[in-house]
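Structures for review follow.
Each of the two complexes below includes chain A, the first together with chain B, the second together with chain C.
Our next item is the complex of A and B:
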């Protein structure tokens, strides 16, 4: 009887065993290993690693301007994505929420860039920005602004902004789809009732739409921050971090530190610091949104 | 009377400008893609000077060259293989676990569930380094398995979460009567629960297909042997070694995009429903 029971229980565990094994090997182990390696000095090959305590972190915080510069670059793109990209997404969502003709066609088109890979998008835009044959320069010449022509991705003044534009082009349709769904989930009766009470468009927007949309706004902002701070594919396919360090971002730095200069421990310390920053940012966002909902 | 006319005119004018704006944004989405396609049909000699969107003499042979001579057939088949294996792996492993979390009793069930789906919430940008170290130790660098297993694991959190939610909402009667008829756990899961979960599995499959097809960073770290590379990695290698062969590069890009485009256009309703359902609920 007891044996039967144990067998039965064991059978239940077998259902979760494959998932757990994969998770333990490829998620849990690397996650813990990062912390261990972050206090080591190790080239990734030799069997011996040296314990350096918090040395990696000290060096990273005090003596690695390139890393913090890369963080600043990612932040620049993130701020643009949070404002310009999400504003465009919101405006488009409002326009398509009005039962507009062809609304679904627009939705399908706007969500097209988000389903493509960063590599493909980057490679196509490379050519649009090209200094000699780029479409953008052709277009500027055509409308009489030929003086502005340049190699957009290799000019230090424009490279980061050019990358940001690619990222926003790829991303706005995603924000649009989520915001539109949020708008469509607001019951129409609420709007009608407000109108009957004599509210104008602005009051309806201010007192019905905005409060009900706050959770959606928070979700979109958190995912925009997490996604944009970890930007990588588009950078690799366009500038590779250049010119100089002008478009370096945290992930390109981490990969470079790892496979480029074989400082595995140091790269892990970068990963830990970067991960903690991302975690703190999303927690602050969730806190703020909870406070706003209570007000 | 005239007041009504004024209202109608105003409404039409607004509608007109709204459509103009939406069409402009749509064109900005479509134009780069069409331009890549048009360029893939030009020759190396004309591609920089001929800016036409409909090349007069389309050079379809570029596709033959890209497919055969530039290895894109190889990359394509690799991508197909990786996508199929990862998606099947995720569906099988995630659905089994999800079924257990929803229906079976065992100690530590809730904690295990939370741990397994925690990877969805915690950003761990550094763990790719340790993953690389691990794959190296297991001698899985530059192997298909080393590229497949981490990606199956990557799809599990969302899959388990999605399918558990689905199983939780499913009535239990069918399974109960099957059990009374003497079916074991595994047969109930395989013959009854799994077929019923088709809608959720479809959503899961679509998301994983797109994710695996578009994956790059793991392919970059794990695969350096050309014969193992998927399309995204192949594109970067091609671009690195043939900087100036734009028409062929664009043909490679079209080859890479086409399957995504077909799947997206066929299943766009499910895809959009999938992202929005999760977002608006959560």
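Our next item is the complex of A and C:
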């Protein structure tokens, strides 16, 4: 390799270097550090760490029912978000895709909840769900269903579902925007041609909209799963994981283990296991979507 | 290409070096940097910093990082990168405090506190119970060299308050809150009959459950037995512990807690009490300032949690409120100590007490406090603090205990079931820690 070539290559690398340094410092190093810490016992303060091998993982996998219960809670919210939240987003996207009056205003309104802070949303819904003076109970009383009134966030039967509703309210706007963009990218001529051929609305939806929207559905589903499994701020602002462990999710467990119990190593092991689960779920989803596209 | 490459490299390096600068607005080469989390005291601290600089020509910069969870994380992260300020506070359990000391991030203040300066010993001016929170006794379980490692700025007690107006409305004597558990239940019945919601606390923050439960436990079985449980010599299935848990069951059965209190954060509980939507609250003495802001006309009094038995005194959590430590690695250690000493002098203590409605740590300033704060101060004799316990419970066990109480309060588990579950976790965690 001659000097000119080396100089040329070095020039290229120097241009890439700042981005690489930023990526390595803020993404790669912390990512690898989590793996290192997951096999350590460390309180987060002391400069000394003790190597514990796979002990943290063993305890987590075999003897930590609270963590797995929290995973189940996150899964419950995720299933609700995947179905109800995305269905609502799709319906609203359909409505806004038509040239309705004031369509842009609706778009802004539907997109407002996602841009609000999770803590603020949680605090607002605290007032709605309040057992004594909450809007929801007041409304139920107004329509003659006062018997259903309760402290929605403190009742073990409703706490998790109540949190899920807040999450869905806050999150449907993302799906709405992406689905609407997907719908608008479908060439109108396809619909017109189908109409000319005598297709009804359902046939158009099934044979044109759905197949062309599959990549968008996959994207929305992946974002919903990843976003919902990592739900945290709303729970902190509403229930703190309670009552008991009824609204605990993996992230609240990781934070509690790290900050509350000062078990950084164990918390990192939780993070690794949780990350692997999310990765597997995403890969399965991508595989399924590829199979669907082939069908 | 040649010039653009040179320009790019220079620009990049400049950017890097700019990022390395501290960004300080004020030259602190000779001054002090203080980190704190107390947003309610921020303006008072800033004023004191100005006064100190005017008097001693030493600039002091208070930096607020709130909420407290974020602050605690910042301090831990700063310790790992050796970027701690001259003065800071340590939030968390005594175990964390010990870890900071053992890692060399905290200066031993014992010699300064014991030194005779200006005709008095600094330590003697301060409340012993507040100092004790920052003290490590000889032979402590963490292996920390005995000494005092922090300076308290104020004193806090965590106890109960009751609404005098609601008491009067219910036909109860507003000058006589319940002293015993039986009285508490009977007063609650009277309040209930009048449609007055009774007890609120931020039991969604489990440390408040922990404080209330440990008060009751110390009353029922005495401090020694509680410590023996922490040391693993008494199981949580002991009848006395079940009795403690049964009191929460009784509260649940009688519907004494305000709806939703099990998951309520303390700020909301404070709002509920301040808006006269509950007759009792369990809260810290900082509530005086909070209630004053929320409802200046609130008429309330402080009381000890009702005693479940007369066998042992009722102990409440109390001692130092805000404490500061000095960074052992700071080159301005002596200046930092002098500043803390100045903060605990009468004039500054009186100022802080008036501005923030907290109990002063200086003994000679206690006479200048408001009547309601004096009520809190009266119960200081009953105060103890987890930081002064000779042994400490494992965090996972404490969490299981507090979460178990939440389960009892929502009618999901029985006291016996919770006791057994907590004991199971205690045995598991003890084995792990061996």
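Rule of thumb we're sticking to: the second predicted complex is superposed on the first by the 273 of 295 C-alpha atoms of A that agree within 3 Å, B and C clash if a C-alpha of one lies under 4 Å from a C-alpha of the other, contacts with A are read in each partner's own complex, and residues count from 1 in each chain.
Just so it is clear, a contact is a pair of C-beta atoms (placed from the backbone, for glycine too) under 8 Å apart; a residue touches a chain by one contact, two chains touch by 3 or more.
Bear in mind the structure is a predicted one, so any value in this text is a computation, not a measurement.
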Message = Quick check on the chain A-based superposition: chain B and chain C, clash or fit?
response = clash
Query = Does chain B (first) or chain C (second) touch A:259, or do both, or does neither?
reply = both
Key: First, second, both or neither for A:67, with chain B first and chain C second   = neither
Ask   = Given the touch rule stated above, what does A:217 touch, chain B (first), chain C (second), both, or neither?
value = neither
Ask   = First (chain B), second (chain C), both or neither: which does A:159 touch?
value = second
Inquiry  = Between chain C and chain B, which one touches more residues of chain A when both complexes sit on the common chain A?
reply    = B
Request  = For A:242, decide between first (touching chain B), second (touching chain C), both and neither.
outcome  = second
Task = Examine A:44 and indicate which partner it touches, taking first as chain B and second as chain C; both and neither are also allowed.
result = both
Query = Regarding the shared-chain residue A:18, is it in contact with chain B (first), chain C (second), both, or neither?
reply = both
Message = On the A-aligned overlay, A:151 touches which partner chain: chain B = first, chain C = second, or both, or neither?
response = second
Remark   = Residue overlap on chain A between the chain B interface and the chain C interface 11, 15, 18, 44, 132-133, 259
Inquiry  = Using the touch definition from the top, list the residues of chain C that touch chain A in their complex.
reply    = 1, 5, 8-9, 12, 69, 72-73, 76, 79-80, 92-93, 95-96, 99-100, 102-103, 105, 197, 204-206, 258-265, 268, 277, 395-396, 399, 403-404, 406-407, 409-410, 412-413, 428, 432
Inquiry  = Going by the contact rule set out above, which residues of chain A touch chain C in the complex?
reply    = 11, 14-15, 17-18, 43-47, 59, 63, 126, 129-133, 150-151, 153-156, 159, 238-240, 242-245, 256, 259-263
Inquiry  = Using the touch definition from the top, list the residues of chain A that touch chain B in their complex.
reply    = 9, 11-13, 15-16, 18-20, 22-23, 25-27, 29-31, 33-34, 37-38, 44, 88, 92, 95-96, 98, 100-102, 106-113, 115-120, 123-125, 127-128, 132-133, 135, 138, 169, 173-174, 177-178, 180-182, 185, 216, 219-220, 226, 230, 232-233, 236-237, 250-251, 254-255, 258-259, 264, 267-268, 270-272, 274-275, 278-279, 282
Note = chain A partner, complex, touching residues on chain B are 15, 18-19, 21-22, 25-26, 28-30, 32-33, 35-36, 39, 48, 51, 92-94, 96-97, 99-101, 104-106, 112, 115-116, 119, 122-134, 136, 149-150, 152-154, 156, 160, 185-186, 189, 210, 213-217, 220-221, 232, 235-236, 239, 246, 249, 253, 256-257, 260-261, 264-265, 268, 271-272, 275-276, 279-280, 282
